[in-house]
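Okay, structure first, notes after.
By written order: A, B, C and D. Residues from 1 in each chain.
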Amino acid sequence: MSKLDTLIQDLVVANRILAKEDVVDAYGHVSVRHPDNPKHFFISRSLAPELIEKADIVELGLDGQPVRDDKRALYLERFIHGAIYEARPDVTAVVHAHAEDILPFGIAKATKLRPVIHSGSFIGTNVPVWDIADKFGATDLLVRNVDHGRDLAKCLAGNSVVLMRGHGFASAARSLIEVVRLSVYLPRNARALMRAKQLGGKIKPLSKGEIDARNRGYSPYSTETWRAWEYWANKAGCGHMVTRPDGGHVHKPKS
Amino acid sequence: MSKLDTLIQDLVVANRILAKEDVVDAYGHVSVRHPDNPKHFFISRSLAPELIEKADIVELGLDGQPVRDDKRALYLERFIHGAIYEARPDVTAVVHAHAEDILPFGIAKATKLRPVIHSGSFIGTNVPVWDIADKFGATDLLVRNVDHGRDLAKCLAGNSVVLMRGHGFASAARSLIEVVRLSVYLPRNARALMRAKQLGGKIKPLSKGEIDARNRGYSPYSTETWRAWEYWANKAGCGHMVTRPDGGHVHKPKS
Amino acid sequence: MSKLDTLIQDLVVANRILAKEDVVDAYGHVSVRHPDNPKHFFISRSLAPELIEKADIVELGLDGQPVRDDKRALYLERFIHGAIYEARPDVTAVVHAHAEDILPFGIAKATKLRPVIHSGSFIGTNVPVWDIADKFGATDLLVRNVDHGRDLAKCLAGNSVVLMRGHGFASAARSLIEVVRLSVYLPRNARALMRAKQLGGKIKPLSKGEIDARNRGYSPYSTETWRAWEYWANKAGCGHMVTRPDGGHVHKPKS
Amino acid sequence: MSKLDTLIQDLVVANRILAKEDVVDAYGHVSVRHPDNPKHFFISRSLAPELIEKADIVELGLDGQPVRDDKRALYLERFIHGAIYEARPDVTAVVHAHAEDILPFGIAKATKLRPVIHSGSFIGTNVPVWDIADKFGATDLLVRNVDHGRDLAKCLAGNSVVLMRGHGFASAARSLIEVVRLSVYLPRNARALMRAKQLGGKIKPLSKGEIDARNRGYSPYSTETWRAWEYWANKAGCGHMVTRPDGGHVHKPKS
């Protein structure tokens, strides 16, 4: 397979993992930037992530318009992706989803989402909450155009995750593996914080120094990161689709 | 297939989806109004929704009595459906269920159920709570006759959902797809609100303007709505039974 | 099949249902009184309920001793069953289990478990909490002998369910179907009450009159009860083992 | 099979059980001490526990270094195991995991984790919380070397479980069966305590006398313990790999 074929297959695997791990359901999407053209990105046509195959992937410009003539329906909210790629040259992959357990943090004002467990460290020290109503008034809450997308990207700023009030979140990272890992552990971190609050007393989150130390120790194709990707792909029934860029051994699921 | 055959098959799919999504278990039911005779509706004979096939569907009048001579046992609470169709000419499909996470809102008095997430917007600005005891005293809580049904429909009034104290809910919509979507996201919205309350502080629900904007933007056979129906049907193992009224492409589940 | 064979097969089905519905795991058991000899009852040898087959069922006396010479290991806590059958001639079937969501009500003192949803009505107006320490001091909390069992049965008294502090519950009913239904909906009722408490404000439980009305309307082989039994058996993969005492139609699971 | 082969197969089964019971996901590990050489222990190479086979098991010294020349990547945090075996001659098996529902007790200061249900008794009267920051400052929270491991083992002291702030737990026991059982019931005990706290009022934990009585009554190959092991192995799809050291009957899963 060519490098591009491999990337598109990885994107299919990412979709299936996010579906299996309950980050997305019929809604939500993941994209990856074109490795040779930073003004293009890949994302599925409008389809539930669990059902996506390679032929469903389309190539869009940062304005959310298809690069090739294509009549297939697209995700309404693809502008989230384009706007984040536009504002953040360091970002290679984006997820938008409605994972249930992050929703309360976009609705209630009293508790800020922040990392309290080590696997949640990648959400970073600051998780802003974007309220579409602040700038656009009474909408249907969807990111339906470039203006919406840019306002969201502005709120995300240099962070890894932005919550969307009454709607969901968008996350951004340097690679597909990273954005999937971030998005899977985000709701787990949210649950740990919610339950810690119910136990009461002072809560000790990760310190700035700990978050930085974890970022320093992280590499997308390390043994540890790969272990999770391989595990999730097997759980999602697509372990056979996993390819390892460094040519290393790929685990086969047992019968 | 004739239009009616297709509708009945859709009703089977709706039953299976509601079972798979934990909206119903052995109990709970979904019905659809006869497209050519507004005084009749289709619903299964007394059977757990997960097990229903086309042959199990019966045709009832608004008084809950079978149109044809049929000896098979019927749902005790079919009067919910008849009474709502009678009171609400705009309604084409009805669900009654006991989805676990809406139950607390019918028991505790302090917190009103309202939309806090965009996918919950279709429950509308007002979700009344019906208490059968108010009019009928100490019953077994079941809607056992036309009088019970009419009192419930009166409490539902022009809304989309009515909670039933210590029992469950009834929901009403313009189409099967809409009533299923509404009923699946209702418990999710309930969970988001419960957890937001635990986080504390002010809670920001959807505004009237946002709810209206979402209703304006909604159409039962839009790409987005269809995406969910197709996804849920595949999850419930009946993707092969899905037919699209506009003749569009139907996704086949992968092997 | 003889009446006794049918009953033993029903007991196997009951075991599998309770396992599938997360009422029991490796631990917990269900028994049924011998229909022709009220001083004997049937229960599995020591085995996880999910794995039980007809050959695993043994016949015990009310003292928990095997009627026939049998070298197979028995449940340590079989005395729960014998003692309840001894004290309650009206009881035909007993469950003991550790269903997770009832545990908090046996630990915390402030909230009494009571029916708040219609499907929970069969737990009755009073659910006593038995603390083995009150009479027996520092034990391993297991009901290891006839004395323990009789003290538990005394606390159960004329009720349908007794919670066991830091341990689980025992439930008793007139038939296998009833005791299974009661035991499946008990944790659901517990969850509804816990969550209603979190929502705050006054909680409205079922009234005495409502509980009585539900008991009056209940019959173990009614269409409604049977619907649940058939549904649960299919879910647990043993729909083919279901036999209907009145010779009525048995639903076959679909392929 | 030799005694050692059997032990290694048991270790594979333990991995699969912990994965199926949601104690571990892609991360977390279980080890067992070499029966003939207390300065060595067995653990998998770096791989998700669900995917582990016998060939993946490696033999390490207490310093975490492989005994044989082996190029395969190892778990970063294998030092947890070595340090506990070093400090605790009574310990034969160790688990490290991030089971979600224990996390809040390592974050919030107000509520101490302690046994409130009989199956949680094996966590003992005292569950210390280790904070890596106390001695090592701003790290990535991982137990990356012998010093980290020894500090953790010192905090564990003579107890059975130590919580790791913002990270997970380590548990230690006399046998594989015991450490698995302890680790499976630990999160359940945590949930029961969290929910009891929400119900309010005084909470009654197990007394010291009850914990002691349960420890006295416990034996790793008793019928009761074996019943759980057999059940979990069947659930995890590896019932066929279960061997019973005393040569007793092994249950075959039904088709």
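Rule of thumb we're sticking to: contacts are C-beta pairs under 8 Å (C-beta built on N, C-alpha and C of every residue); 3 or more make two chains touch, one makes a residue touch a chain.
Note that this is a predicted model, so its numbers are computed, not measured.
Peer 1: Farthest chain from chain D, going by the mean of C-alpha atoms per chain?
Peer 2: Chain B.
Peer 1: Indicate whether more than half of the residue numbers at the chain A-chain B interface occur in both copies; give same if so and different if not.
Peer 2: different
Peer 1: I'd like to verify one number: the distance from the centre of chain A to the centre of chain C, where each centre is the average of its C-alpha atoms, in whole angstrom.
Peer 2: Here the centre of chain C sits 45 Å away from the centre of chain A.
Peer 1: Based only on mean CA positions, could you tell me how far chain A sits from chain D in angstrom?
Peer 2: 32
Peer 1: Chain C: which residues touch two or more other chains?
Peer 2: 197-198, in rising order.
Peer 1: Linking chains that touch, what shape results: line, ring, star, complete or other?
Peer 2: ring
Peer 1: How do the chains pair up in terms of touching? List each pair.
Peer 2: Inter-chain contacts occur between A-B, A-D, B-C, C-D.
Peer 1: Quick check on the complex: what are the chain B residues that touch chain A?
Peer 2: 116-119, 121, 188, 191-193, 195-210, 212-214, 216-217, 223-224, 227-228, 230-232, 234-235, 251, 253-254
Peer 1: If we count contacts the way the header does, which residues on chain B are in touch with chain C in the complex?
Peer 2: Of all residues in chain B, those touching chain C are 25-27, 46-48, 50-51, 53, 73, 76, 98, 100-101, 103-105, 107-111, 131, 133, 137-142, 165-167, 194, 197-198.
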